[in-house]
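Chain lettering (A, B, C, D, E and F) follows the sequence in which the chains are written, and residue indices restart at 1 in each chain.
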Amino acid sequence: MSEPYLPTLITATPEEGFQLALKLSRLAVKFTQPSAEVRDRLRPDYAENADSLTAASQVVAINFQTVAQANDFWR
Amino acid sequence: MSEPYLPTLITATPEEGFQLALKLSRLAVKFTQPSAEVRDRLRPDYAENADSLTAASQVVAINFQTVAQANDFWR
Amino acid sequence: MSEPYLPTLITATPEEGFQLALKLSRLAVKFTQPSAEVRDRLRPDYAENADSLTAASQVVAINFQTVAQANDFWR
Amino acid sequence: MSEPYLPTLITATPEEGFQLALKLSRLAVKFTQPSAEVRDRLRPDYAENADSLTAASQVVAINFQTVAQANDFWR
Amino acid sequence: MSEPYLPTLITATPEEGFQLALKLSRLAVKFTQPSAEVRDRLRPDYAENADSLTAASQVVAINFQTVAQANDFWR
Amino acid sequence: MSEPYLPTLITATPEEGFQLALKLSRLAVKFTQPSAEVRDRLRPDYAENADSLTAASQVVAINFQTVAQANDFWR
């Protein structure tokens, strides 16, 4: 990951902010498990499990709090 | 999802804010598992499981914090 | 749920705020599992399980943060 | 619970605030499982389980955030 | 625990604040399970389990939020 | 750990802040399980488990909230 992966928390719209929250959630996984091959292999384990999807949604919710606050909630 | 799915965090009432928190919780699931067919198949796994419902309620609670703060708690 | 179920986050006292936090936690469950029959059936699964009760308490804690902040902590 | 169980979030010291956070965590359990008999029966299930104790500690941490903020961190 | 166990949330440095967050996490466990003998017996259950360590780290993260905010992030 | 491990929460960029959030998450694990040998042995348990990676991402999200706020979101 030599290209800048997180240049700013500021986004133009709530939708872009939500996408950034998704990205932040995945970034932390990437840094914990750098192998794309392993991550791809694990994908069905959570993408087809209801509780895993809820857990993933929770991480996004926490990151979205951060991004929304950074953008003063796009008010 | 080509139509705008998150135009604003501002809502007229707390009830609309709560509905937005529910929507945010589901949006994150949709982006993680884009297949509506899979999501529908998984639904009974959490909708009929007490702990899964509590976990879902927690995600809504976190998103509701964000929405409520965005709306200055509708004070 | 046609009657207003969440008219305001403002309460007169911390106790009423705590009750509102409990209500918010249950509301999210109701919207995820609308069937009262199913919810009643699931009740023993969490009400008689220590970890489930702790998880429920955590959701209330998150919602109470929101309500307390909305009321400026009843200072 | 007819006596006032949560008159205020304001405490004189951080220690009293921490005790209030413990109380809030237990209050939510009491309202979800009103039977003291059942709660007592479940106690060993979490008090002698490492993960359950960690989960309980997390609920206290969330409630302590609320209480500490209410008291402006006793600064 | 008759000696003062939580005199203040203010610390001189981020490191001391982090240590306080660790202490707060353990304090809540102590109040839930007062027996040092039981706590010691349970220690391997979480100290040698990856998910338990992650859960413990999460409690510290929540408490560190509180301590960092109390200290205005040592800015 | 005699060298300073947490001199400041202030970072120059969001990326450095994200790295600090990762570090904080690992620090809490280190203080709970000081043995590097044990931590290394446990690594596959979470780095190759989807739910464990999500849980790890959640801890990073909470710590990133703290770091982002400390830096006024690098606005």
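In this section, a residue touches a chain if its C-beta (ideal position, glycine included) is under 8 Å from a C-beta of that chain, and two chains touch if they have at least 3 such contacts.
This one's a predicted model, so the numbers in the text were calculated from it and none came from an experiment.
K.L.:
Touching both chain B and chain F: give me those chains, sorted by label.
P.N.:
Chains that touch both chain B and chain F, as defined above, are A.
K.L.:
Have a look at where chain C meets chain D and say same if over half of the interface residue numbers show up on both copies, different if under half do.
P.N.:
At the contact between chain C and chain D, which are copies of one sequence, the residues are largely different (under half shared).
K.L.:
Which rotation angle, from 0 to 180°, best lines up the CA atoms of chain A with chain B, given as a multiple of 5?
P.N.:
So the angle, rounded to a multiple of 5, is 60 degrees.
K.L.:
So the centre of each chain is just the mean of its C-alpha atoms; given that, what is the distance between chain B and chain E in Å?
P.N.:
31
K.L.:
Give, as an integer number of Å, the spacing between the C-alpha centres of chain E and chain C.
P.N.:
The answer is 27 Å.
K.L.:
Name the residues of chain A that each touch 2 or more other chains.
P.N.:
Residues 46, 49, 51, 55-56, 58, 62, 65, 69 of chain A each touch two or more of the other chains.
K.L.:
Hey, how would you classify the chain contact layout here, line, ring, star, complete or other?
P.N.:
Ring.
K.L.:
How would you write out the ring of chains in order, opening with chain A and then chain B?
P.N.:
A, B, C, D, E, F
K.L.:
Would you pull the chain B residues touching chain C in the complex into a rising list?
P.N.:
Interface residues on chain B, with respect to chain C: 13-15, 18, 21-22, 46-51, 53-58, 60-62, 64-65, 68-69, 73-75.
K.L.:
What does chain A use to touch chain F in their complex?
P.N.:
It comes out as residues 4-10, 24-29, 31-33, 38-39, 42-43, 45-46, 49, 51-52, 55-56, 58-59, 62-63, 65-66, 69-70.
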